[in-house]
Amino acid sequence: MSMLSSYLTLAAVLFCIGLFGVLTKRNAIIVLLSIELMLNAVNLNLIAFSKYGVNPSIAGHIFSLFTITVAAAEAAVGIAVLIVLYRSRATVNVDEFDELRR
Amino acid sequence: MLDNLPVLSLIAFTPLIGALIVLLLPGARSNWLRATAIIFTLIPLVLVLLLFAVYEPATGGGVYTEHSTWLTIPLNKEVLDMKLQGGVASFNLAFDYHLAVDGISMPLLLLTGIVSTMSVLASVHIRKRWKTYYVLFLLLLTGIYGVFLARDLILFFIFFEVTLIPMFFLIGIWGYYGREKAATRFLLYNGLGSAAMLISFLILIVTLGFSVSEGSNFLYSANYDVLLGNLSDPNALANIDTGNSRYFGFFLSDNARWGAFVLLLIAFGIKVPIFPFHTWMLRVHTEAPPAIVMIHSGILLKMGVYGLIRFAAFLFPEQLQSWTTVLAVLGVINILYGAILACVQREFKLVLAYSSISHMGIVLLGIASLEEVGLQGAIYQSVSHGLISALLFLIVGSIYERTNSTNLSDLGGLAKAVPFMSGILLIAGLASLGLPGLSGFVGEFLSFLGLFGSMKILTAIGVLGILFAAVYVLRSILSITYGPLPERFAEMKDARFIEALPMITLAALIVLLGVYPSILTDLMQNGFNGLLEQIQTRMGG
Amino acid sequence: MLNFDIEITGEFVAFFVLSVCAIVGAVLAINFTKVVHTALSIAFTFVSIAGLYVLLEAEFIAFVQVLLYVGAITILMIFGIMMTKHDGEGKEPGRPLHDTLAAIGCICLFGILFYGIRNANFPTESAPFVEDNTREIGKALFTQYAIPFELVSVLLTVAFIGAIALAKREEESSQ
Amino acid sequence: MEALQTLSWSDTWYLAPELVLSGFAILLVILDLLLPKRINRNVIGWLTLVGLLVSATFVVLLMLSLGDGTDPADSTPEFYSLLGGSYRIDDFGNLLKLVFLGASFFIVFSSLGTVRDTDVPVKAELYYLVLPAALGAMVMSSSGDLITLFVGLELLSITTYILVATRKRNRLSSEAAFKYVVMGGVASAFILYGMSFLYGLTGGTNFAFIAQGLGSAIENFEALLYICFFLMIAGFAVKLALAPFHVWAADVYQGAPTPVTAFLAVVAKGAAFAMLYRIFMNSAFLTPADGSFLQKDVFIALSVLAAAAMIVGTVGALRQKNVKRLLALSGVANAGILLTPLAINLTEMHASLFSEFIYFLIAYSFMNIGAFSVLTILTRDSGNESISGFAGLYHRAPWTAVAMTILLCSLAGLPVTGGFMGKLLILFGTFQTHTYWLGAVILVTTVISYAVYFSFIRQMFMRSGTVDAKLKMSVPATITIWVCTIVTLVLGFMPVPLLEGIDHIFSIPADLLVIQG
Amino acid sequence: MSTFFAQYAWLVPVFPFAAFAILTAMGKGMSKTGAWIGTIATFASLVLSLCIATERLSGNAEDYSNQFTWIEIGNLKLHAGFEVTNLSTMMLVVVTLVGFLVNLYSQGYMKKDERISTFFAYVALFTSSMLALVLSDNLLTFYIFWELVGVCSFLLVGFWYQKPEARAAAKKAFIVTRIGDLGLLIALLLLFWYMPGHALDFTTIHNVFDSQGGGAISTGITTLIALLIFLGAVGKSGQFPLHVWLPDAMEGPTPISALIHAATMVAAGVFLVARTFDIFDASQVAMTTVAIVGAFTAIFAATIGLAQNDIKRILAYSTVSQLGYMMLALGVGSVTGAMFHLLTHAFFKALLFLGAGSVIHSVHTQDIREMGGLGGKMKITAWTFGIGALALSGIPPFSGFWSKDAILTAALDKQPILFVVGIIAAFFTALYMARLFFLVFVGKQREGQHAKESPSVMTIPLIVLAILATVAGFVETPFNGWFGHWLTGGDAEHHASGLVMVVSAAVGLLGLYIGWLMYVKGTIRRDAVSSRMPGLVTVLERKYYIDELYQWLFVKPLQGFGKALELFDEYVVDGIVRLSGYSVSALGRLNSRLQNGQVQTYALTAIIGIVILIVAIAGRRFW
């Protein structure tokens, strides 16, 4: 098992944990954090490939930089939305955000 | 005199122009609207009659054919070299504007002209939203004429669909209590039929329709004549099995043929309707306003018959031939099923609906015969049933207007109150049960005669239908017109002139066709040649 | 198939430790009920990942990682947590079916990924790598990736404005 | 890698449409800050329109400057490639950009005068944020590099997250936005994850590189490559709202302000398609077909998703009473149809996938925008988003009812409308490739959708509403409705000019495949 | 030339048709004139028919036929045309004569009816169709008019449409005869496909089947065709088992009963068999069937006639019985006998009906138990009715005797059992006629009845018919076979059989005597039979429960089947449609259950979706 596989496996584990968090955590903030975790897993993947990949290149680094930036922006917007939501609902429980249904 | 005019286009599109004009008229002037609608229904009728007068059965209607390319849709030019014949210059999908008339469509055009005129006259019973009504009515007419004229598969399909939408509105807005359900049911059921039809058509276009024109210009054509030509051309790609479907997707395999054939059967079977696809039309018959049922039962059902003959029969003679028994059995089921059910209905409109099913069964028998007599009988029966059911529903409309009911147990003794209408009703009924001297008999007789040559027992069983026809027609009509007259109907007025006019016209036509069938049979003389020749060659080979 | 015989090298040991940290942090983050705990443990994971980046010779990215995630994002989150009250945490009835299905889904997904990774035939040699990759990154960013770079600036502006526009309280007087 | 390409001043010409948009965006942000509160923010709306128009003008100019490749002697390039192929000005991109800009234009235009301050307090943002969103979409359709694609995608996504939440006083709006953020984030993660594999296994983010690397990648990492494509498919399926990844769409569409809903339904969806085409035609399609089923399977997966979307969207819409949710589900079904040309793949028999797609996309855009404009007017009038809000529309505004009927017929694919012609072309493709089952699914769901769309018509024509007063129409919305209706009809009756135009300028090797780098 | 008038034979049906057209077009406005138009038109036909007859009486006149192509499809041609033969000439005369007399009579009988012009229009239409039927030169044309007379019969039976019984009777008349028509139609189809050259004209049929040695058509098919044609005849001529409509048809006005249900239309069945006799002749089975059905009907109907109380119904059963005789004659091969009896029967039965009509007109009831002693008041009616009764009972020298004698002779030749049956039927005939006559005209007059003789417009036809009923028999006696020779062209089949003459005259007299004893003298008590065998009498009164049997055997099951089919249609055929609708909408419900507002559910759906997609599509490659 090469290092690359190890990194990829780790990334996969983190991705899936993140995903599980998104799927199950009630707290909206944790959900948002879990998404960040997933994006981090992706970054790990990219960096690992950037070193051990078929055609190692700096592109992976660049890609992950963009990802990180975008993730930050996304998180900011997510939190902003959540704050608005919290004002009207007084809760951050995801499962209580169910007024839009059917 | 018609030679210089695009007469077929005029027939198809004058109602559309009428619709636009009605659209621009003020909605409050009901008389103007009516007059315009009547005029624009009459114009195509007159044109059809002129066409009928100059139509030469011996040469067919070729002179009047209008053919021009309508849409040539470029499919991307980089279709990779198909190893057919070198480079590909262009690759197109061509839909033609192709209208033609022949012995098969001519009678149905006449029927359309007549019934639509009667229907527009009968629209006096429409009490609200005239403007919308007449716009939709005229739009519907364009669709119907188009269906009978179009010779391009896609054009046909479009006209076919165009009839759906106005019908939906006409049923849904002006119908009786359950109108919306009936309209939706109509739309969905017929939509499914159209879907099946389109699947079949597209299969045909991508195989039979493919041809190489002028060097490396490749063309998918939807033109009916092209399809027919390729069908009988052994060198057409559709008839060559190269065994490689990836590169030569043009081969029309036997399975595909069967698939397309069965789909067409279903598509048009829904329209006809063939058992068990008939339930939608019961609702339309009961819920739609009578003037519209005149069109529906009188013409729209015949679009199914026309389609069956024009497409299922002409394009798949082989399949049809091996399925004649199936078709005949379906026909017999239709006849008896419709007839027996008609015998037990309490609602006159349902009696008529089931009787339509029964009568359309006879048409199927005619088609199943694959004999010229039978095929002509099928068309004859269609025309005749169109006139008869139009007449019946015309009277139903007039009766309903006076009694607010068409339930058999509510009515009775009307012969005393409205002798004229009762008399016409009786004539229509007698025509419906196949009384010789009236049109119904000729159609039935020819159909039976055609099928009897090949399937004696089935025909004999089918003939039983005319016994049941006597039962349900007399049962229902006598219980409406005979017997004691209930008090509440004593003050009823007989038909006004505007009602009587279409009644008399239709009745006269029914008698005329019954007495002098050559009017139509001569017209159809060469209509089936193509089909019969194909069958002949197949039998020979 | 599960072939775990690996050379134990320094890099591997470091990888092992860091990955355990990352996973533990992540798992804890999922298991904590208090949001603050979660945020902190996930920050721990992020730091571990930053460590892994260093291991992968991506020092700049590691730096950015710490700066952005551990710094900005987690702080943002805690900020959010503080702004929103969170009283009734952990009291809701469970959603066993939902959670089970989620677990099954994630495990299946992981299984599939793992199968793919295990079945891959990676080149054993890592190619020689550019020494000063920070400079390389800078170069690339301003040449080949100039367009996305500019776009990200627009993106950040938009996110900034949007976040403000959304989150700011409307004055009662307005309209 | 060859010598690094950098941006030069001359490249601003090629990037003019994008630059114009970002410029206008920044300008309007500042303007919004500077303008006194009392000034109606419609001004910003109008300026947004100007920005969109200017950008579109540049797109047209660029298109005209491109050669069509039919004449070998013609030395005009068929496309411009910037930065080592990471950004491409080609007809694929330009056509889609025009669609996006046009759609955005009409959406903003029709919302002028119908969006109320009480509903959307941040009206200025609503208008000017359309610009970066459209910019994102344009970047997505024009990029030849995974990174650029991704950034474009995120620009669009994040902007739309904000746009959805702009009905700040509405409890539903922020909930919708939150859901959208979560689903969008997960989808982005999936797409990124897939992209990371694509990068890792082929060694490049540029499509030219990826294409080169696919050959060896399929030998060594077939399973991982499968996973990579399926991960991306999952992400795109969420973005496109294909079943079963569609559930969020109804909620988000319902919560968002109606113009934003229209934007999501048209531009966001179209952009996702643009990206899907870019990525899949340059990766999955180029995987060697002999020895591996990868190519076939990926496209089969797309076909399955398309079919599922059509079925679920249509069937789901049957029971839906809220118009926006209904249109969301209708959008799901239409996404399935839009996906079909791609899903049946580019083969010897079927090379017209792009013209089929773009034709239907154009038709779809117009009919949707028209329908949403009608909806905007109605909801402003009654606040009723339920389908019963349409009751008696015929009596209140007969001509609008007629226009709506035409638009609905187009949505239902009834002749003779743009929707019909578009569907017919796509159907023809399925039959050309003998993918009969997919064609049958299209047709059957189309028929079922009659029930959906005709339920509006029933309401409009056959029921009487609670109000009898004439409906108050806003001028821009009315104009939009009629433009959409007329375009829909024209597309139905005269599809050839447009199709010929597309066929003329578009060529698969030059405009869709990035093989030449 | 001898075909001078024959060429214009087509005019014979045209006159009444013109009258029909005029009467229909003019409508109600011309009650009195209308009646005259009908009568005059029929008279014109009568004159022309007589001219043709005279022409043909003068020796060996050639048959004249003329046809044109009605429908031409491909190489198939369907013709329509007319043909004048001696047989059709005879029928022409009978129809026009009786028709004219009935027209005349109706002037009086229907005077008070407000729809008198309609009545005459219908009668004219009927006359026209019947004449055209008689003239038809091929089976298709024949069939067309065959149906038309049926529909006229239907219209006239239901003439008083407000009576529910009339409505029921009309319906029954049409439907029951239609069963027979089906047979005829199928026979027509069979003939069309089996005949060489698809010929349907009687001449070709004659040629094909006459030369049986040629064997153009196999015996099986021949039998089938013959039986199917016979089914048609059974329906029209009220033979067992399709006789049920005829007695009910008496709900129509009495002149109609005389014209249609006694003299002409019901005899069309006999005419049909005679016209296609060659087909029957070629099949032994068919002949036997005809004979047996005829004989059975003769005795069967006669027994029912014994127990009826309605004056017209008695006559109706008598008609059924007499038609049975004619069929019997055909079955034993005697066309002459059949046609001869048809001729005489037309006269005396028309006479009896018109007489009965005269009585009904006068006393306004049809129940013979409420009549009595009318002979004194209505001398002409009584006398003429008496003549008719004697003719019917087969008392020499009245016409009925001679024709019945011809049939019985033929039967005895062929099959003694049939002869015995015929004789017994003749006895019953005499008996019920005696009962009828004595109960109506003899005995005590009822209280409150102011019977008086009918006007001359009604009595003149009675007198004319009475004369004919008396003398018509002499055209063919065992001693003089002129009629048979003229009709069939063959040698007269006169085997003068003294035995038959004596026996038949004797049973007739015996019947009358017993009737006299029972109803006049009272020597035998009226309830002599009914008291001893009440069951038998009830059975007869209820007409052997045939109607009830049909009700239970056909009508009810069919209604039940119809109801069942209705349920099937509603719940199975339409049920499947609705079910598919529901299932689609259930799928939709499933979708809306998915939309529970929980974003995590949405994401979960997506994850599960993609896992399944990968496993299903990629997994199969790696499994």
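Labels A, B, C, D and E are assigned to the chains in the order they are written; within every chain, residues are numbered from 1.
The rule is simple: a contact is a pair of C-beta atoms (placed from the backbone, for glycine too) under 8 Å apart; a residue touches a chain by one contact, two chains touch by 3 or more.
Here the structure is a predicted model, which is why all the values come from computation and not from measurement.
The minimum number of touch steps linking chain A to chain B comes to 2. Common neighbours of chain A and chain E, by the contact definition above: C, D.
With centres computed from CA atoms alone, B is the chain lying nearest the middle of all the protein shown. Chain centres were defined as the mean of their Cα atoms; on that basis the chain farthest from chain C turns out to be E.
Relative to chain D, the chain whose mean Cα position lies farthest away is E. Interface comparison, A-C against B-E: more C-beta pairs in contact at A-C.
Centre-to-centre, using mean CA coordinates, chain C is 30 Å away from chain D.
Chain D and chain E have Cα centroids separated by 79 Å. Averaging C-alpha coordinates per chain places the centre of chain B 42 Å away from that of chain D. Centre-to-centre separation between chain B and chain C, using Cα means, comes to 67 Å. Residue positions 188 of chain B are each in touch with at least two other chains. The residues of chain D that reach two or more other chains are 147, 150-151, 154, 158, 161-162, 165, 168, 174, 178-179, 182, 186, 201, 223, 226-227, 250-251, 448, listed in rising order.
Chain C has residues 98, 102, 105-106, 109, 112-113, 115, 117, 120, 122, 140, 145, 148, 152, 155, 158-159, 162-163, 166 in contact with two or more other chains.
Chain pairs that touch one another, listed by label: A-C, A-D, A-E, B-D, B-E, C-D, C-E, D-E.
Chain D makes touch with chain E in their complex at residues 178-179, 182-183, 186, 190, 223, 226-227, 230-231, 233-234, 237-238, 243-245, 247-248, 250-251, 293, 297, 300-301, 304-305, 311-312, 315-320, 329, 448. The residues of chain B lying in touch with chain D in their complex are 71-80, 82, 91, 93, 132, 154, 157-158, 161-162, 164-165, 168-169, 172-173, 179-180, 183-184, 187-188, 191-192, 194-196, 198-199, 202-203, 205-206, 220, 245-247, 249. Across the complex, chain D is touched by residues 15, 18-19, 22, 28, 31-32, 35, 38-39, 41-42, 45-46, 48-49, 53-57, 59-60, 62-63, 66-67, 70, 73-74, 77-78, 80-82, 84-85, 88-89, 94, 97, 99-101 of chain A.
Taken together, the chain A residues at the contact with chain C in this complex read 1-10, 12-21, 23-27, 29-30, 32-34, 36-37, 40, 43-44, 47-48, 50-52, 54-56, 58-59, 61-62, 64-66, 68-77, 79-84, 86, 90-93, 95. In the complex of the two chains, the chain E residues touching chain A come out as 592, 595-600, 603-604, 607.
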